[in-house]
Structures are given as C-alpha cells and as structure tokens.
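Shared chain: subunit A. Partners: subunit B in the first complex, subunit C in the second.
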Partner chain A sequence: MSNLSLVITAIAGLSAAIAGCALPAKTRVHAAVAFTWGACIAALVGSLTVLHTGHAMVLNSSRILPLTGVTMVLDPLGAVFVVVTAVVAIASTLYWLGYASHGLSTRTASAALPIFVTSMLLVPAAGSVATFLWLWELMALSSLLLVLVDQRRREETRSAAQWYAVMTHVGASAILFALVMLSAHAGNQTFAAIRIHAVHLPAAVRNTAFLLALVGFGSKAGAVPLHVWLPKAHPEAPSPASALMSGAMVNLGIYGIVLVGDRLLGGGPAWWWLTVTAVGVVSALFGALHAATSTDLKRLLAYSTADNMGLVLIGVGASGLFATTGHPAIAAIAMVSALLLTVNHAAFKGSLFLSAGSVQVATGSRDLDGMGGLLRRMPITGAVFLVGGLAIAALPPLNGFVGEWLLFQSLLHGLPTSSTAVAIAVPVGVAALALTGGLTAAAFVKAIGVGFLGRPRSEGAATAHEVPRTMQLGAALLAGACVVLGVVPMIVLPALERATAAAVPGAPAHSLRSSVELRLAGLQGVLAPALLAAGLALAFIAVIAIRRLAQRRSHLRLALRRAEPWGCGRELQTARMQYTATSFAEPLQQVFDDVLRPDRDLNVSHLAESRYYTEKIAYRTSIGDVVEHNVYRPMIGAVNAWGQWARGLQNGSVHRYLAYGLVVLVVILAVIV
Partner chain B sequence: MEAMTIRSILQAIVHPRTVTEDLGPPPQVAADVPRLAGSLQLRHVDAGSCNGCELEITSTFGPVYDAERFGARLVASPRHADALLVTGPVTKNMVGPLVKTFEAMPEPRMVIALGDCARDCGVFRGGYGVEGPVGDVLPVDLQVPGCPPNPEAIVRALRGLTGR
Partner chain C sequence: MNGIGGVIAAVLVAGAQIAAVAVGGPLLVGVMRKVRCHIEGRVGPPIHQPLRDLRKLFSKQCMRPDQASWVFGVGPVVLVATAVLIAAISPLATTHPPLGQTADFFAIVFVLLLGSVALALAALDTGTPFGGMGSSRAMTIGALAEPALLVAILAMSIPAHTSNLPALVRIGLAHPQLIASPERFLALGSFLVVILAESGRLPVDNPSTHLELTMIHEAMVLEYAGPDLGLVILGESMRLALLLGLLVNLLAPWGIADRAGAAALVIGLGALVGKVVVAGIVIATFEVFTAKLRLFRLPELLAGAFVLAVVGAFTALVVR
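For the complex of A and B:
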C-alpha cells in the first residue's frame, strides 16, 4: 500500500515536466509548479510514514526499465533526505512562480526543473545499482540544463556549465565503477544483496569501492579538492536552481557516502573514516576562508556550502571512527549531528540562496561591493537573509547552533576514550570546527553588513525594490524552518535517530533523550534550545520595556538627537567611503595570504608634465581558487597539449590517411599471422 | 623626601602613594562655566595653529605635568568628549570640520579656546586664510591666554573645570 507515494511522486513529477514542456508560456510555470508540489507532497507523506513506522517502503517493477527493472527501497536514512529535498523544493518552486519572468519560463527550464526535483526525491529511494545510477544521472543532466539557462547572455555560464558537466561525470563514473564492482562481486545488483555479500569481500575490493565512492560522492558534495565546479555552477544557475542544488543536491553526496560506507559495506577500517574526516576538515576550512573573502554574494554562499558539507563530513567521519573503536553510542550522536547539520544546511542555505536571488533581481548584480542599504529597501528579503545568516553563523536560538553543539559534544566526548589516531584526529577536528565557525561568522557579518546595512554603493542598489510576494514567501518559508528547528529540534530528532539506527550498526535506539531539553545518553551534555530562546526573548522584551518606562518618566527620557555619522570632520561624505566587502575581508586575506594567493595588480600613471604628479591609480585584486589553479589548470593544459599534438596526425591529406590505413592493415596482418 | 630604607620601600610597595607636591585647592573659575564632577574628556582640534600650543598640550599630558591625574583626558573621537579643545585661529578650511566636530559631540558640551590665536587670532589677525577667532564660530566657555600658554596655565584651567 505504502509504495503508492513513490508511484505518485514519479507520475506527478513526469506530468510536471510534460506540462512545463507542452503548455503555452502563460500557464506553463503554474502547471509545472502545481504538479511538482504534488510530487513533493506525495514523497513527503511517504517518507514521513517511513520515518514514523521505521519500516522501509519497497517497490519492485521489471517493466519500467528494460533488462534491469526498477527496485526502490525507501528506508529511514533515505527518507530523511527525501523530506529535506521535498521541503526545499516546495519553497524553491514557490519562489520560481515569482522568478519565472527572469528567464526561467522557457520550455527547457520548465521541464528540467520538475525532473531535477523528482529525480532528487527518488535518488534516496533507489534500491538497486541500476535504478540509483539512472536517477543520479537524470539529476545531474537536468541540473546541468538549469545551470545553462543564462548561457546566451553570459559567457561565464557556459564555462561554469562545462566545469560542472565534466566534474559531475567524473564523479558519476567513479560511482559507477564502485557500485558495479560491488554488484559484480555480489552477483546481484540490489543494495540488499550487496549488503549481505559485502562482509565476504576481499579487503582490496572494499577499499577500492569505498575510495571510488568517496571521490564520486565527494565531488557531488563539494568536498575539497573536488569542489571546483561548485563556486562556478551555483552562482551561475538561476536562484531557484541554486537553492535546490545547494540545499538538496549536495546532501545526496553525503547520502551516497553514508550509503556506501555504512549501509552497503557495513563500516570499515579506521583509516577510511580518518580520510573522510580529513577531507571534511580541509573542505570546512577552505570553504569558510573563501566565503569570508568572496565579494560575489552567490559565490560566497557556494563556498559556504563547501564549508558546511565539510562539517557534515567531519560528523560522518567521526561517526565511522567511533563505530570502529567500539563506541556505538558516541558514533550514533555523531551521525545524528551530521544528519542534523545536513537538515539545517538545507534550511538556511536554501533561504540564503533564494534571498540572494531576490537581491540579484532587485539590484541587477551579485557584487557585494555595489550593494548597501538593502534592508531598508527590501525589508522582508533582508530579514530572511538576516535569519539565514545568523543561523549559518551558529548563533542561538537558531538551528545552526544546535547542530554544531551536537557535533562538538560528540567530538569532545570521543576524545579520552580511544586510539592514537582518534586522539590526534579529534582535537584537529574540534579546532577546525572552531576556526570554521569564526570564519563563517566573518563571512556573514560581511554579507549582511555590507549588503544590507549602510548606504547604497550603486545605482542598482539605490533603486532596488522589494520582489514579488511569492519570492518573499518562498525564502521566508525556509527561514521559518531555521527558527523552528532551532527552538524545537526535538521534532526532527526522533526521525534522525531512526535514520542513524539504519546507518550505524549497533547504535542505541535512543541516543538522545529529549523533551524540553536535549540530553545525550551516557554523556554529560544538556541543551535546552527552547528555554534558551525564551530567555533571549525575555531579555529582549525587558530591554524594550525598560526603555518604554524610562521614556514615560520625564527626567529619565533619553535625549535623542539625530546626527550624521562621524567622519573625522570631512566635509564630503559619500557612499564610497564605507567599508566594502573587499576592504572588510582585507585583513583576513593578509593573514591567509599563503593559502589564498590573491592576484594583485597596481597601476600608477603619471601626468605627462611631471612624474611627481599621479594622474590615476588603478588597483585590482582577485582571489582565484588555489586548487583550481595548481591542480586542474595543469591537467587541462596537459590534455590540451596532447590534443594539439594529436592534431598533427590529421592534416587533411587524403594520401596520408590512405597511408595510415595501409600501415594499420599491415600491423594487423603481422599480428594475426 | 624621607630616607630610602628597606622598610620604606616595602611600605611604598604595599601602600603606593602619589608622589607629587601639594598643589593646593583647585582654582576658582567664573560662575557661568559649567562645573564637572571630577572628569573631563577632551577632544582637541587644531583649527590652524602654529603648533606651539600643541607642544604645550603634549607637555601638559606628559609625565611631568600629567594632567590626567586631575581627571582630564584627551580622547580620540568627539563622540566621547565633554569639551572641545581648540587651538589656533580658525582658518577658512577648518570652519566646516570644526563645526562638524562640535555637532558630533553629545550634550552638554563645552568649548575651550586655548592660546591667544584661538582667543583673538593673535599674530594671524587679518590673514587672508583666517576666518576669525574661535568665538566667531562656536560659543566659547573658557579661554586660556598665552602665546603659547605654558603647561602650568593649562593644568590650572583644566583643574578649574574638573574641580580636582
């Protein structure tokens, strides 16, 4: 009975794509959105049922795909990811209604977006290698189409799409190798059969499969050094698509790593998980550092995605590590924290990307250095961005705080109990987490302070207007989720515990005891997010009340005089004299100069009459990606050089081609004879 | 000063005392000048001075005269200041910044014209770049005469305001 929801999801998603493709321009988007919501709600109902009962949902059909058939198994672990995807998709498609007029109402886009959503809803439910790869590829291709939407107008979009296409397919082929290898050894391509057989696999096969899966899924999750596509493709994609990519698609990379490492292979040696943790630490630091120094709003958010996925990977790695050292309770808490961080990230990054899209629509630019004063002109979008920014900086009472608190607890409590490797990895993880937290806060102080406060720095920012209601509502929906998850995380924790029980072998059924406050079973850690929120609210109300009272008493009344900002007595103060995103990040850039390697260019031109007088000083600085520059560029260069060399073979002369044929024939004959 | 015995040194460590001569009670100032309760935060603006007054101000807040022991302090922003300490004749270029600085100060606020130039333009009277004395631009509460006024005079004036 219950697999009905998977069928409805698929059918509704397909209908949305057909509607988006076939209907006339006026009704296209509305119909596609309505059908996509149908798919999302069906998936939501199905996965919530799975999470509630704890029983997997199974669908088998040999008629849909030739040769392999379709096997769908939605277990609690997958259901968590389906719920996240569905919620982000509902918000993003709501936003799409208002955004459609900005180049996202073409037939291709209206068909690709529902397919993208539907495939993401179904990927976690895939129960066999063929089904999984089909859906995975569908997701990659439909998102590629969405990245390409603006390609006629912008040169960068094409380049970003190329990077994305190559990286996602390198990843997909790594996943393909890993899964096919496992299924070949198992002799059956369903995940259930692979899981049973995995125990008997030789260590070399297990190791290769895991590392290939880590590369494949890591590239999807934006793990450094496979992240290079992420800060290119996410900013170039239209905002509803970037919210979906950043809020839902990257999560599936995490899902894949947990699926292969924990579910299919049933855990592994400590070095697997140390590798995962190390990748997480590097991604978190690298992403946070670049987010703190980016001046492009959406690029900042994209790097921050790499940062957050790094944190999730630290959680996943720590969970695997504690499971191998025989601490399933702490492993379970680490896994719950990783899942909670994933859920949180979807909520705040979705809202941030959607509101960044609104800013882009309103100002016509993504450059923070040209913004300013947007909070006054776009109050709702600004408030949503503020909530998202506070949440991502992990400030209570919002959701980021609860997730990072849990991760810290699991890491700190894992410390005194185990081997040398853990004893080294865990403090490094904790330190990385702390530094990442600080850098993320700096990044979002910059984004909010420079973008939304102060005075407008450009014509676009000065004439910005609030965007349509549907766009505000779409972004606000996810910001609301941030607040709810922050104040009452208990509503999702039982579900995450079920999912953890499916992923971590030997995990206790209840690793967290929660009513009003959050208690960690077996550890000394208590957090009461609701009380914390209530305390903050009370303090806020108290300050306002005291102010009101003071104003009523005449002798306490605050003498209020409005004066212009103090500018050292300068006669002329312009918006250009404010801190910009670049100048705010400059000290950080100086400190991390060796990691960021910024490209600086200073040009001083003098007057023709005398070299003692400068006519113009031009200063240009840009921060490229070190990994891209030092790893990928040489690789691309080598491929190009090889291609150039091979061109010499093809010079257009028929005689030479005939000679090639003759030589090959002779060689073949010689070999055969 | 009493003889330096080990006992006196230990006593000085346990009960440190201010080592200073007795300066007597603070001087009286005119009744219309606002009196402060022991603390005076000063923002100094050079409105066109020859820097003679600046040297004396530096000396006033240096280790010898140390005006801070009487509660007077130089601060870095008019937002923090109780009083504006103006030196020099007000030049045409400094009229705007001087007024802006005054307006940036919280109320109640005072203006001290330090030196003869600030009081009546001194030797610069009639100069082509000179707008006029400080009193033409801002309401002056206290004047410190001298070209330049010596640190003792400045300390005396500040003590009159802080009452210490």
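For the complex of A and C:
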C-alpha cells in the first residue's frame, strides 16, 4: 500500500507517453495531459503522506532493470521536491492544453513532455545509484527533445540544444563518477549503504566525490560558471517546457547537492560549504546583473533563475557551515530558508515563464523593446506577470520576501557564533543578497513596466489579444500560489522542517515556531506575514477612503479626466520616445561596465559635402556572456583546432594506414615485452 | 494589556504615530525649506505651506494620461499605504508599538521598497520619456543603495542579536554604551547616506529642481496632478519623516516612551518631533553647502556607504 503511489506515478506517466505517441492529433494532447495529471496526483498523494508521517516510502524490485534492479526510497527531503515538481507540472500541462496549437502537439513533444514530468517526479525518490542515474538521464534526454521542438524553424534552437546537451552530459558524467566512486567504496550501490560507509572513507575520496557532485549538480542548477546553457535553452524551449525546466528541473540540482553533501557524506569540512556559498554569491550576482540588463523577456527570466539558485546555494552553504561549526539549530534555519526559496522560486518562475509564453504567443516576439501596454490588452496575463514579478523582487506580502527574510535571519544569527572564515563569508553573503535584491527589483520593474505598461512599441504589441483560458488559468494557478505562500507560509513550513531534519544531521525537530507569526525557536526573530499583509490591505483601503472623502468635500466634484500626457510640454509624443528595456538598463550597464563588457558599435556617416554634417548615426549594443566568451569559446576553439590537426592523420592513403597498423603493433609488442 | 482594552490602546498608539508622521512629514519639509531659505537670505514660504499645498491638490480634479492603466492610479496609493503601515508599527514615539514584534528592520526595508517599486512602475505607465528616465534612475540608485542598507542593518543587529526594530531601540535605551560603539556610528553613517539617496535629497537628487535632464524623482512624478500628486507628495514627505525618525531613535533613543500610558506617549511624541526637526535642520543646512553629484558619480558615494557598513559589521564582530 505504502509504495503504491510510486507505481501508479510510473504507470500513469508511461501511459501518458504512449498516448501522446500513439493517439491521433486531435485527442493526443488531452489524453497525455490527463495521464500526466494522474501521475502528478499519485506522486502528490504519496509525497504528502511521507511528509505527514515522516516515514520514508520504499519500493524494491529486482525485475525491472537488469543487473541492478530498482530501489526507490522517498524520504521527506525528496518528497518536498516531488510536491514542487507535481504542482508546477499540473499548472504547466494545463497551460499546454491551450498552447498545443503553437507547435507543441507533435508526437515527439506529446511523448517527451510526460516522460520529462514523470522522470522529474521519480528522481527524488531514487534510492540507489543506478536508479538515480537512469532517471536522471531520462530527464536530461526528454528535456533535450523538448528544447529541440522548434528546431526546423529556428537556427538558434539547434545551437541552444547543442549547448544544453553538452553541458547536461558533462554534468551527468561528473555525477556518475562521484556516485560510482562512493558506491565502489561502499561495496553496495544503495544510498543507505553508501551513507553508512561514507564516514570511514578517506578524506581524498570524500573531497573528490563532493567536488564532482558540486560540478555535476551545479551545472543542472545553473550555477555560474556552469550556467551557459540556461540563457540559451530556457528561451528556446516552448514555454510550458521552460516553466518545467526552470520551476522544477533546476531544483533537482539543489536536491543533488544536498543529497550528496548532507545525506550521503553527512556533511564535511568548512571549505566545502564556503565553496558552495561562494558559488552561490557569484551566481546570484551574475544572474541578477544579466537579468537587469537583458532585453529578451525569456532570457531575462533564465538569468534570474541562475540568480535565485545562487541564493538557494547561499542558504545550503550557510547551513553546511553552521552545521560544521556546531550550531545545528541555525543550520536548520538556513536549510529551511534554502528549501523555502526553492519552493517560492518554482511558484513565481513557473507563473512568469508561462505568462511570458502567453506574451510570445500574443505578440509573436520575446523582445521587450517592442512591447508595451500589454496590461490593457491582456489583463489576466498582465496581472499574473505583475504578481510573479513583484514576488520575485521579494516584496511583501508575496512569497519571495519570506524566504529572503529567513535567509537573512539565519545569516545574522549564525554570524556571532562562528569562526573567522564564516565571519568574512557572512557579511559578503548579506551584501550579495542585498545587491541581488536591488538588481532583481530593477530587472522586474523593467520587465513589467516596459512590457506591460506604457504604450505599445510595435504592431504586434498593439494588436495583441488575450490567450485561451487554459493558458491564463495555468499561469494564474502558480501566481495564486505566490500569494498564498506569501501570506501564510506556515502551511509549508512543517513539511520543510521535516525535510530539513532528514538533511541536516542533529537538526532540532522544530527550528521555527509558527502560528500566525513565524518565530525562530530560541532566537529573537519574528515575522508575521499575514499581519503585514492585513496591515497593508487596511492601509490601502484607508488611503483610498480618505482620498474619496477629500474629493467629496471638494466643491468642484469633478469626474476623472483623461488627457494627453504633459511630458514637459512636448508637442509631439510618440511611442518610440518612451524608454525601452535597453535604455532602462543603461545606467546599470554603465555602472557595471567592467563586469558586463558590453559590445558597442557606433557608426557615424557624414554628408559628402562636408564632414561637419552627419548624415546618419548607427548605434548597436549587445551584452554577451563574459563567461561564455572568455572560458567556453577558447575551450571550444582549442578542441576544434585539435580536431583539425587530427584530421591530418587521415588522408585516404592506404600506405599510410598500413604504416599506422605497423606502428601500433610494434608499440603494443614493446609494451607487452 | 490584552483584550479589548489592549486593542483600543494599540489602535490609539498606531493612530497617534500615523497622525504624527502624516502631519509632521509635510511640516518637516516646510521646516527644511525655511531653514534653507533663511541661510540663503530669503524669507521663504511659511512652514505649513506644504500642508496648504496638499489641501489645494486634494480638492482638484483628478487627471490622468489617456494611455495609462490602473497601475498609474494605484502607485501613489501603495506609496502612502506602505508609509502608513510603517508609521503604525515602527518604534517612533514608543518602544512598544502595535505589532512591534513583527517590525523587523529587514521587513520595513522591503515594505519601503514596495512603495518605491509601485511608483517606478506608475512612472513607466505614463508612456512618456521622462517617466522612464526617472524610473530607470531611481531603480539604479535603489539597487546600489540596498547593499549598504542591509549590511548596516546587519552591523547594528549583531551586538543586539536581533534585527527587530523596537528591540534595537530598547537595547539602546538600556545599554547606552552600545550606541557609543563604533559599529553603531559606522552603520548609522551608512544609513544616513542611504536615507539621502532614497528620499531624493542632495547630493543625490535636488528636490527643488525642475531641470528636465537632471531630475530623478521629479521626472517620475511629472505626469501626476491633483489628488494623485497630493498622495505622491504626502507619501514622499512621510517616508522622509519615517526614515529620519528611525535614524534619530537608533542614534539617540532618549525621550521615547518605554512604558504604556498617555503621558509617556505624549512625551515620546514631543521628543520624536524635537529630534526629527533637529535632524531636518542639520540636513537642510548641509544641503545649502552641497552641490548635486553627477549621476555616474553616485555609485562612488553609495559604495562609500557600503564600505562604512562593512567596516561596521566587522567591528561588531571584533568588539563583541
């Protein structure tokens, strides 16, 4: 009985894939969505049971996979990730119903999407190395297929898929090495056995395994400098797939780091966690900066994913640090904050990607510089994006704020009790958190303000219409989650505490006491999100009422009048004169010129008659990825050069090939003898 | 202090603080203008001129740009509502404000940010170049001021083991040596720079300029008229009064009501007004002798504030 939900999840997911593959075009998507929902609901029921009881769910079968068998153990830590995946998947597949007519109803897509969802639902339940790697690879391959959906129409899609394929497999091989190394030393490939043996492992093996896992899972989580695939694959994938990748898949990178670092190896020296924190700080700042200066809506969201995962990594790193320095209670708070940030990120990033997809469908473009005024034409989609954008900017009373408050509190309370290294790391972490917060606010004021407010900057934006109901509903579902999680985060906190107790050794069962307010156990730190929200609502109503009253007392009693904007008395005002996303980000781009290194091109052509008169000025600017240009491009260049050189070995001459055979034979003989 | 009596007392305290900030904010702006005029050898408008302006604006017709959405109208309301909420729960006149346990410094900062973001969005909604210009500059400065502000909060919170604002003020009252400590001074120095940046005072922004290309805040609110403009002006002056009120109470908490009771509250209000007016006069005097910085010199100023805050945080750790 207890493991039934895992079986149902797998069967329903498989049926969805078969239905998507086999049924005719008309019913294909509906059937696949129905079965995928079945899988999601079964997984939800199972993981909620695990979170409620605190007992892990176990499934063992030696018949499914040859040689290794299948071992599934769903513990509270994994269950949190399953719940997040299931909720994002339900919203995204609902959205898919309306989106399917935009190139996502092919056989491949209808089969790949359910497999992608199902593998993500099962990865956190894997209980052995082989099971984990199989599911991990299935997830990578099915998501790769989804990125490739548009490849016939767009050249960029192919290149993005190539980047994604390479990065995800470099990551997967690092994970493979790490896990195989651990299981070889343990002599058994189940996670339970590895956990028992990990304590006796030599330090070198532990360090290597952890670093390899950090590289592998970090590339999945989009940690800088392994993030390069993220701003390419997320924008090119169809929007339901982007929402799933950004809302659910990247989380599993975090899960992997916690799994290997905390669960399997049982924590480690301080430098592990300082490394994780440093990676988090760099990712958060780099991602936020690029999000603030991007003009492609989905690229902006992708960079902001790197930024949010960076914040989560700061939480995970801080948790590890405080656990090593002997403060499990504060370590538990840091871990709860990391998990809460993950849950929150899934909610707002899912809703943002889905509504960005609606915008793309309605205007035919992802370029913010050509949008404007969409809130009037697409009121629901616009409102959803507004809620998601304010939530990600950590503004109360929405969910992003609670997570960041908790992270700040854990850093504050962990600080005075720890070593010098931590004392240096923590203020840096707080500064990163703050700068990231400010930059994210700028990025999303830009995205909302330029995209949805003001006047339309292009024909596409001026003629946009609201998308089908299912698409609105799918996005609105996750935006609703942002509001609920922001006002009453207490509903998820017990579950996150259970998960933390499973992840952090020695964590107290209750690190937070929550009723109406959130209270750090044994420390001075209280937040009452519901009361703050009520206070804000009350103040809002009061201000409106007083304003009405003042108007009523006025002897003029005039109605609202609409007029042309004044604009300092300008006669001619066109939509082109508005600030665009590029011009909005220009001051930030100038301030951070040394980090972003934008590519600027200014061409002034003069009149033939006189050089004192200019005929026209052409100005072009673009911001590339510094890491991609300075790290990956040279690497790719070196590999290409080596390949070119190696081509010289093969010129078609039979004599030469015979000579190679002889040389190899001689070498082998020499070695053997 | 529980039951219905407690609720009524809490509402009265909140009402007193809100009224003090809502009336005191515009008056503070009037005082600062008067001081400035006095030093420059002019007579200047009477101190209550901002209140008169507000009355005039609220009785005017409401007028909005034709393409603007509902965000344009909601922006100023959110700005004032966030200021009202903070005025109600912050330790301004008493160290036991209603809902004081949730008045975390970090939370207050993000509620303030909500007001700024609402105004920045409303500015972009006008569809004019000036709205975007002001919004872009304000968000840039806000992003750069944020690290200094949060690290300053961290530096003040380390010795107190909490970032709860009423608790920070109470600890200052109980242990005056904490206020005289270097980390408090460094952090408050940084906080002061951030206040100047956030409320658009010199040397970051000139509140009395209407020179098109140099303005930040005025560019954002250029399209507002009538009651909407009244709300914006009210909200901005309330924010200035709030931030200065928090600054003076962290720097010199004496006089603030530490017990329940009407008499203590009245004394607390009086002390608050006195301290904030002194702070306002100092800032206004400073403004007379300062020029506005170029926009691209501002990062240096804010980086300086950030360094002060970081040094403060390290000092707090070393001194403990």
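By our rule, the second predicted complex is superposed on the first by the 651 of 673 C-alpha atoms of A that agree within 3 Å, B and C clash if a C-alpha of one lies under 4 Å from a C-alpha of the other, contacts with A are read in each partner's own complex, and residues count from 1 in each chain.
The working rule: a contact is a pair of C-beta atoms (placed from the backbone, for glycine too) under 8 Å apart; a residue touches a chain by one contact, two chains touch by 3 or more.
Predicted model only: the values in this text are computed from it and were never measured.
Of the two partner chains placed by superposition, A:Arg28 touches none, neither subunit B nor subunit C.
Greater residue coverage of subunit A by touch, when subunit B is weighed against subunit C, goes to C. By the touch criterion stated above, A:Leu531 is placed in contact with subunit C alone, subunit B being left untouched. Applying the stated contact rule after C-alpha superposition, one finds that A:Lys349 touches neither subunit B nor subunit C.
By the touch criterion stated above, A:Glu571 is placed in contact with subunit B alone, subunit C being left untouched.
Within the superposed three-chain model, A:Ala393 lies in touch with subunit C and out of touch with subunit B [touch as defined at top]. In the overlay built on the shared chain, the residue A:His327 is in contact with neither subunit B nor subunit C. Once chain A of one complex is fitted onto chain A of the other, the partner contacts of A:Arg299 are absent, as it touches neither subunit B nor subunit C. Counting contacts by the rule stated earlier, residues 559, 561, 563, 566, 568, 570 of subunit A appear in both its interface with subunit B and its interface with subunit C. On the side of subunit A, the complex with subunit C involves touching residues 292, 372-373, 375-376, 386, 390, 393-396, 401, 404-405, 408-409, 411-413, 415-416, 423, 427, 430-431, 433-435, 437-439, 441-442, 445-446, 448-450, 453-455, 517, 523-528, 531-532, 535-536, 539-540, 542-544, 547, 550-551, 553-556, 558-568, 570, 573, 575, 577-579, 583-588, 590-591. Residues of subunit B touching subunit A in their complex: 45, 77-79, 96-98, 100-101, 103-104, 107. Across the complex, subunit A is touched by residues 58-71, 77-78, 80-82, 84-85, 88-89, 99, 101-102, 104, 106-107, 110-111, 113-114, 117, 120-121, 123-133, 135-137, 139-140, 142-147, 149-151, 154, 157-158, 161-164, 167, 212, 222-223, 227, 230-231, 295-296, 299, 306, 310, 313-314, 317, 320 of subunit C.
Subunit A contributes residues 559, 561, 563, 566, 568-571 to its touches with subunit B in the complex.
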